[in-house]
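Next come two complexes, and both contain chain A; in the first it sits with chain B, in the second with chain C.
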Partner chain A sequence: MSSVEQGGVNLKPSGRVAGTSTSLAEVSISQTVGQLTVPDPVFSCRDVSVHYGSKQGVRDVSIDVGKRQVLAMIGPSGCGKSTFLRCLNRMNDTIAGARVTGKILLEGRDIHDRQLDVVQLRARVGMVFQKPNPFPKSIYDNVAYGPRLHGLARSRAQLDDIVCTSLQRAGLWDEVKDRLSQAGTGLSGGQQQRLCIARTIAVEPEVILMDEPCSALDPIATARIEDLIDELRASYAIVIVTHSMQQAARVSQRTAYFHLGSLVEVGETDRVFTNPRHKLTEDYITGRFG
Partner chain B sequence: MLEGHISKAFDGALAALHIRVLEMGGLVLAQVREAARAYTSWDALAAERVIARAADVSGYDESIFQDQFTLIARRQPVSRDLRAVFVMEKSVAELERAGAEARKIARTVLQQSGRPARATSSDVRQLAQLATGLMRLSLEALDRIDGALAAQVIAYDEELDAEYAAGLRRLLTRAMEDPRHLDIAMEAAFVLKSLERIGDHARIMARHVQSLAPQGDPPADEGRSDPLDDRAPASPSSPAADPAAPANPSTSGHDAP
Partner chain C sequence: MSRRTVRKLTNVVALGLSTVATAIGVVFLAAILWTLFKDGLAGFSRSLFTGMTPPPGSVGGGLLNAIYGSVVMTVLGTLIGAPVGMLAGTYLAEYGRNTRLAMVIRFINDVLLSAPSIIVGLFVYELVVVPMGHFSAISGAIALAIIAMPVVVRTTEDMLNLVPQGMKDASTALGAYPWRTITSIAYPAARSGMVTGLLLAVARISGESAPMIFTALNNQFWSTDLRAPMANLPMVIFQFALSPYGNWQQLAWSAALLITLTILLLSIIARVAVSRFSPGARKR
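Moving on, here comes the complex of A and B:
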């Protein structure tokens, strides 16, 4: 099988299929090793490339993101993993000179469709950044901002309910319930990051993108975020970029390894960390190359 | 294949662990050789040396476990590095068990219940040569992480099993012909069993090496000298033949056990 028919859009891989496997699950697209496709994906990306002017940052990346699972993207600095992550909610649109090609389907619909509202897309695909970035507003307003913007609450009581639920799901409610009017910037780093996660989930996204969400946090705050990621997985698809391979191994169900802009290998995390198929992957995760 | 990390200290820690396991293997091999010689020559002093050195084998076991523990805690190895650490651990367990078999043989000598007859000694010597040859080969496979060599060990263990069965049959025949020395025959049977178990430990170690070796190793060089011959240097003669033993042990004469 050389193409996937999904949501009325023909997802045609590049055709550079390695090996002789005819199983869709095992087929290797764009010379990537491993299982690129998953059943009923939330995101289906095919031959995604990103250019910054004449420089190519991402090369022909094809991968699916499954529902209710965590996909970890690992690789050395400059390998294109963050750039690819930013393609998923069109954050690269904000960078002058950036050009994205290929197909990215969210629930079967092309996210580059001209009729698609980018603001709506970013509500469906939330993002948590490396450095916690709460708004210079109260804790309450930080979480209420998204639902207000997207008109998700019809009354103050409904908004209160969304704020409370979001903070609870982010594991922050018990720590801030008595000081919701205080500034979000006054929280500790780990609490700020969980506030950002609460802000992201307040608009009920389908996917949460995380770009090194724990790199600025201490081990305790990191453990809390990782625990939270595991809980959120029950409701959302999560794509996380991390430089910590132990973190990727701990939190994800699938792992993708990027190298020089290409997706080298993707597969079940258990397999990738115990029996990687590509030498580049093995050399990277065992600390022989980076 | 265990080297090449960006962190040279990680390379060093893995290499040190590997060397410690091979050192332990060398000691166990010496124990097995000396125990077999103590039995066949009925040498109580040699048997005492084996018993005295048994504590050194246990010492290796404990210190290697500590090294592995530290390496896992500090380096968090994954993939082939993690497999290597586990293969080392499993190999140490097999070596420890092989060392225990050598100790059993030495204790048999120290009990001084009766010296085995010449034909029984010859059978034990022949089986000991096969067992130590297998152990040496298995350690070589572990040293080089050589899957093809490990496959040879596994194949040769069948030869050792066949020799054990034949030796046991001859021993029983001799015991039936002269039941006065049944107790000595029974002890000899336990010694043969210990040597057969040592061969099994070598085979299990080889299986672990196979799980670590890169896939698609080239087949073993058919022209190489017989790897089972424990005499150094390796002899091109038939497998592990003891020059003092009859050409066809299965048809040798039956004297007292």
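Moving on, here comes the complex of A and C:
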């Protein structure tokens, strides 16, 4: 655990600074309680808001995502955690009428920079969805899709290697090695989700976003995915949205609590669950609300 | 009567009505097919596929020129209409999904879909036949293309809309541009439906006679010139079935059966092909 809690709100409240500055220290931080920043973050988000038409889905969210750790985002339905997650790989671009404001820096570079290709961004920031969504292709072609897209393999042997390694890291290899040419859609739900994880890590991303990856799975498949997340943490930064507080407590090092589009509290998972500082967080994790 | 009895009775009545409705449909279909086979098969011989349409009052003759013409114009019409229809359907389902332009196009397409085919014929007559100065096979193909297009637009859009959004999102999230997602994910996933739509279009245009009156007209002789009038099965049926000559009437029956069998064969081939090349069945 690299971030150190310093007690209380460690960021001094500051007035709103008009847009152009890139220095993060100057940018205003909203009313979030807890430790927003981590040393050497992979993502730094400041004052991120999302509007759908006239409705606001996410309100001035500022948070860092640390390397090689899992950040869990919890909160009641419709609190904006999934919407915020989709900002990180600009998936909200695909929704008509959605508008994202604020700053999101990936390794210090603004992901909304005109010169930054969104395709490049999505190669660096992978995503696993709520419902397992394998392509109607063979298991092999599912995993090879990303590497082919980005030209990662120069030869067939190299592609074979990427597919094999990705499936091994997703813990699926032993179950499918004899039937790589069969349809990915023929696997069980849990296997499909691990196939989707293999497909995501095949392009060697830096960050993996997971949007309730276990909500469609049974407890055994869920346990396997959670173990997998723990292993993947050694190589990737992971941001996971979950409705299960137990899951957040099990897999994450940091937890962020969202409420009505705002980030209410963020901090080390142990601390947030044992000693929540905000009333809303406490109500939610004790089950009094939501 | 208790509530349960009423419900049971309602169920029996609903079941009975739908069974009767189905039976009516099937009976008429069977009657049409029976007549078609009975009267059509009588004319099947080698000369049907080798001889030309005979002049009035002669004996024998065949349909070779009409079969050729129908195949050429249907294929040409499909080749022109299907790509345009597929791309337009792709625009409606993927690129322009919620735009005002797409709504307008969708509405106009629906109008075109139900437009009487004779009006399409008249349109092409003004557009192609009048400037050319005479009837031609190419104008027939264009008329057929215009009739096939809205069918393909509609089925392509419907089938692409059936592809789960999550699947397309997964491709986008891996860094694929929309076109790549459409060609690598959406088209393969919607393939069987799109092929069915294409076949529907082929089936629709291969039996069209009304637009032919204004475009390809007919030809008593063998002709491969696309700029000249060309014989075709629907016009042969139209002309020969109304004639007083026995051998002409026989040829009309045979032509009708021929069209029906071709469509049947096409459907079977397409179904086999679609299941053969469905995902997962492929070697890696």
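Quick notes on this structure:
One rule holds in what follows: the second predicted complex is superposed on the first by the 262 of 290 C-alpha atoms of A that agree within 3 Å, B and C clash if a C-alpha of one lies under 4 Å from a C-alpha of the other, contacts with A are read in each partner's own complex, and residues count from 1 in each chain.
The rule is simple: contacts are C-beta pairs under 8 Å (C-beta built on N, C-alpha and C of every residue); 3 or more make two chains touch, one makes a residue touch a chain.
Source: prediction; values computed, not measured.
Look at A:Gln31: by the touch rule set out above, it reaches neither chain B nor chain C. In the overlay built on the shared chain, the residue A:Gln182 is in contact with chain C alone; chain B does not reach it. Of the two partner chains placed around the shared chain by superposition, chain C is the only one that A:Leu149 touches, whereas chain B remains out of contact.
Of the two partners chain B and chain C, more chain A residues are in touch with C. Contacts of A:Thr274 after superposition on the shared chain: chain B is touched, whereas chain C is not. By the document's definition of touching, of the two partners only chain B reaches A:Gly287; chain C does not.
In the superposed model, A:Gln246 lies in contact with chain B only, and not with chain C. Those residues of chain A that touch chain B in the complex are listed here as 245-246, 249, 273-276, 282-283, 285-290.
The touching residues of chain C, when paired with chain A in their complex, are 97-98, 164, 166-167, 169-177, 180, 184-185, 188-189, 279-280, 282-284.
Of all residues in chain B, only 4-7, 10, 76-83 touch chain A in the complex they form.
Chain A meets chain C in the complex at residues 89, 91, 94, 96, 118-123, 126-127, 129, 131, 133-138, 140-141, 145-146, 149-150, 180-186, 196, 199-200, 203.
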